[in-house]
Amino acid sequence: MPIRSKTFCESYHEDIKLLNTIWSKCWMGLFIVGLLLLPYMTDTYIVYMVNLSCIAVVAAVGLNILTGFTGQISLGHAAFLAIGAYTAAILGEGLGMPFWITLPAGGLVSAFAGILVGIPCLRLKGLYLAMATMSFGVMVEYVLITWKGLTGGERGMYMPEVNISGFVLDTDEKVFYFLVGITALMVIAAKNIVRTRVGRAFIAVRDRDIAAEVMGVDLTGYKVTAFALSSFYAGVAGGMYAYVMGHIHPEHFTLLSSVEYMAMIIIGGLGSILGSIFGAIFIVVVPEVIKLMAQGVETLIPAMQGRYDEEWNIAVFGLLIMLFLIFEPGGLNAIWLRIKTGFKNWPFTY
Amino acid sequence: MYFLELIISGLAVGSLYALIAMGFVLIYKGTGVINFAQGEAIMVAAFIAYYLVTLFGFPFWAAVPLTLVASGLLGGITERLVIRPLLGEPVFSVVMITIGLSIFLRSMAGIVFGHHNYVFPSPFPVEPLHIGGIVLSHNHLWSMIISFSLMLLFFFFFKFSRLGLGMRATANDQDTATLMGISIKRVYALTWGISFVVAGLAGVGLANVMVLNVGLAFVAISAFPAVILGGLESIPGAIIGGLTIGILENLAGGYLDQIIGGGVKDVTPFAVLFLVLMIRPYGLFGTKEVERV
Amino acid sequence: MKNKSGWVTLAVWSCAFFFLGAGWALGAGRGVTADTVELGFVLVKTGPVAALGIPQGNAMVDYMNYINEKGGIHGRKIKVLWEDDGFQAPKSVAAVKKLITRDKVLTVMTTGGTNQTIANMKNIDRYQMPNIPNAMALEFFEPLNPYIFALGALYEWQYQVIVDYINDDLKTEDKRIGVVYTKKEYGKKGLDAVKQRAAKYNIPVVAELVLPTGAVDASSQVLALQKAGANIVITCDVLPPIISFLKTAEKYNYWPQVFGFNWATDDLLVKACGPAAKNYIGAGFVGSWTDETPGIQLVREIAQKYGRQPKLTSLYIGGIGVSMLFAEAMERAGKDLTPETLKKALETLRNYDTGGIFPPVTYTKESHAPAKKVKLFKADVEKKCLVPLTDWRSPKDL
């Protein structure tokens, strides 16, 4: 019985399997159990942070499909989240539709917007594309605040709670299961897209688009598809956000949010679904963790109480981002892969 | 008359945008990276100037060169600590590091300089100049003069001086430049230093016009359209882009705001940018990237 | 070097989980033990708008420390936890959940700005936290919210009082109003209120211009106002753009009578603008720093005691006032202190006199509405501060 070391696949099917060892199946099982028991083991604050992370994960996965896999830089992601959120709010609050209409509708309207942006942007590359998408983001923000009849303008819009045929999700714990379910669905879908023909076409567009076109990959079609897909994810994430917050406002979807999503996928690792998850959790959770640690240290050192400038927490966060990238430009995913291969190859180092 | 006033004040604001845009273009030209921390560099320089004048009592004309030196040093140190380790890594990671740097600088500025709103003691007389019925404040006049001088300076620098050529070569193709004997490290350090000096000028200029607080860093975002409009590698493009955006903003504010209802002033540059990019994907003066398979 | 980073990451995450797991829980009754009371509040402390939260937060903490030094309340010392939200609604909700479910405070005294409070309204109800929002909006008290106690005249009322003043007291000939606002809800509400009220008095509104909060330049707005011939300018924007506006107007030699609302009415405006502020009249619902009323004297005393030199004095005064109300309520609630008794105690306030900090405060079981009273202040350029122009007045019934 040969000892497994590195990849050891005997068929195409084995190669693209998601969980191909006993160990990975076990870990995944443990993870799922842990996730399901989370609300019973911690307080509501932590559950709420996980809820926010779920939203960020869906958004980040969407952005990674566009930027990490297809190489189209987008600084307008928050705008697509906004479109999804407002669509869900208009349908949910205004027309009283249930979640299984509002969320997909939000995604679809967003996807449509993505196509509208993707088509004019076909010729743009790199930073110019980033600026074009950023301009789109600014324009959407302007429309949201000005078109009061549709969006409530600067008053924002309210959103009712999720209602599953009479069962209202009114606590963070109940919303948690709902969100985790949707997130799992979207992530698995993304993982599947990425390991099929479509995903490979995306990667081809990213790496050498002229060569890809020569080989028969329809550049236009796949670029637009990437935009549409990523916007769909953003739209669903926006809808989820609306349900969690209960009230949305154009200020929740600014350029800074778009930069945050970009940060999630770069820190997490471009071109990797797992990386998106890592990055999303990092950006959402780490600032709070730093805050908790700072408060813990503050209670231990009485001299600091009342004089500690909380701005330090943010400075540390920025510093962390820089240090991470200096030591591992591939992001969290690269670190994860290194740890994994380290364990896989043990006791060999390579 | 009203129209002319709007144009002139648009040029004045535009020259500030041009200064900011120049900073971006310099770093892109020299190192191929968009520096998301440019706004923070501007803000830090403004604060340094403020404290030199108010805390240490330097007169304005002495504080400005000191601020520029400090900015240049800051640029060099940043490059050495933050950018140098990522030599050769994909552009994305470097851009992300500048984002992290911007967060870091913003909070450090808040800690060191304070979270409040400050007003820079302006050295110029309050009474503006009246040239043929047009009102022009001294501050705006000086920013226009400085922007234009810098444009000429940099134009000749990049075209004729060894260092300028070295920077263009490095931005074009790092490996070949190294093979040709250009010291990449020196080019990088100097690029960042010079760009931060330009940011310092922009900072001093902005401090005179706006209320000084940590939020000053976000003005750089308004200058992005100027950068792209002119094309990422073109210094004259940055100037023209800055002036154009300034004028467009003011015209939109003066005429459209009343009709379409508020806020058009700020969204116009971005809308125009979007349209321009549809027609000319590399900006007005940018160089088309030639790709080979 | 590179492999170590993996272990470092692991170590960091483990520490993080250690801290996440440990919840610093407190005694039985939420936030209350035999000798301490724990209160919390959420107010912006970091980021670009930190200047708006820091003076008020400091004041709220200072006043409670002051009470502690006088022996506390019913033998209990007060501990105050101040959580930052960076002026963002999701962070505000997270902070509230942390304060209530982890730190288990008695109540979260305030939850920051309008958007943040709206996002938290569900939580305020669910966790029963008597709360004085740091923003003014009709939906906070109409319909009645059992746990929200609104404070501060609504933006609409402030602008109605301003337009009343313009009509009744201002001695300008041929009044023409220009409005400068921002596209936030206080901006829009201000604009609408001014237009409605001015229409009742037949005073024309000749221009409506947007001046965003982060504006680099106010030239086009000033020029447009000059062109329209506005000799009265009503602003609906926070302090920094108003400073820009006044200085730009000075540059163009444009000297209309300028009015502003409470967030722009602060001594800092006069200090920052100098002579440019000479025509400024502002509305506010806190007393001014130089008053000689007992409440304001106490404010100055506390500021000196704790070494504070707030730049935005009106916010510091407001913070002392809010803490004063909560302290009084805790005093009235007696030894048995719970969120419910605190709420009932707040509802016993009848024309409670804060010594000139706020207008008289009244809350009943049926109404948690704020006092409909506003004071107008004038800029005194020599003294570099605001001085009262009128007493507390309400909008006229038209």
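Residue numbering begins at 1 within each chain, and the chains themselves are lettered A, B and C in the order written.
Please note the rule applied: a residue touches a chain if its C-beta (ideal position, glycine included) is under 8 Å from a C-beta of that chain, and two chains touch if they have at least 3 such contacts.
If you're wondering where the values come from, they're calculated on a predicted model, not measured in any experiment.
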Chain pair, A-C or A-B, that carries the greater number of C-beta contacts: A-B
Most distant chain from chain A, judged by the mean position of its C-alpha atoms: C
Distance between the centres, which are taken as Cα means, of chain C and chain A, whole angstrom: 35
Distance from chain B to chain A - Cα centre to Cα centre, in angstrom: 32
Residues of chain A engaged with two or more neighbouring chains: 145-146, 311, 314
Touching two or more other chains - residues of chain B: 106-107, 110, 115, 262-263, 266
Residues of chain C whose C-beta touches two or more other chains: 46-47, 50, 183
Of all residues in chain C, those that touch chain B in their complex: 46-51, 54, 181, 183, 207-210, 212, 214-217, 219-221, 223-224, 227, 239-241, 243-244, 250-253, 268, 271-273, 311-312
Contacting residues of chain C [partner chain A, same complex]: 1-3, 5-6, 9-10, 15-16, 19-21, 23-24, 45-47, 50, 61, 84, 88-90, 93-94, 97-98, 100-102, 115, 118-119, 121-122, 183-185, 187-188
List of chain B residues in touch with chain C within their complex: 2, 5-6, 9-10, 12-13, 16, 106-107, 110, 115-117, 119, 126, 128, 135, 137, 206, 209-211, 213-215, 218-219, 222, 249-250, 253-254, 257-258, 262-263, 265-266
Touch list for chain A against partner chain C, complex: 42-46, 48-49, 52, 145-146, 153-156, 172, 245-247, 249, 251-252, 286, 288-289, 291-293, 296, 299, 306, 310-311, 313-314, 327-328, 332, 335, 338-339, 342
Chain A residues within the chain B interface of the complex: 120-121, 123-128, 130-132, 134-136, 138-139, 142, 145-146, 208, 210-211, 214, 255, 259, 262-263, 266-267, 270, 309, 311-312, 314-315, 317-322, 325-326, 329-331
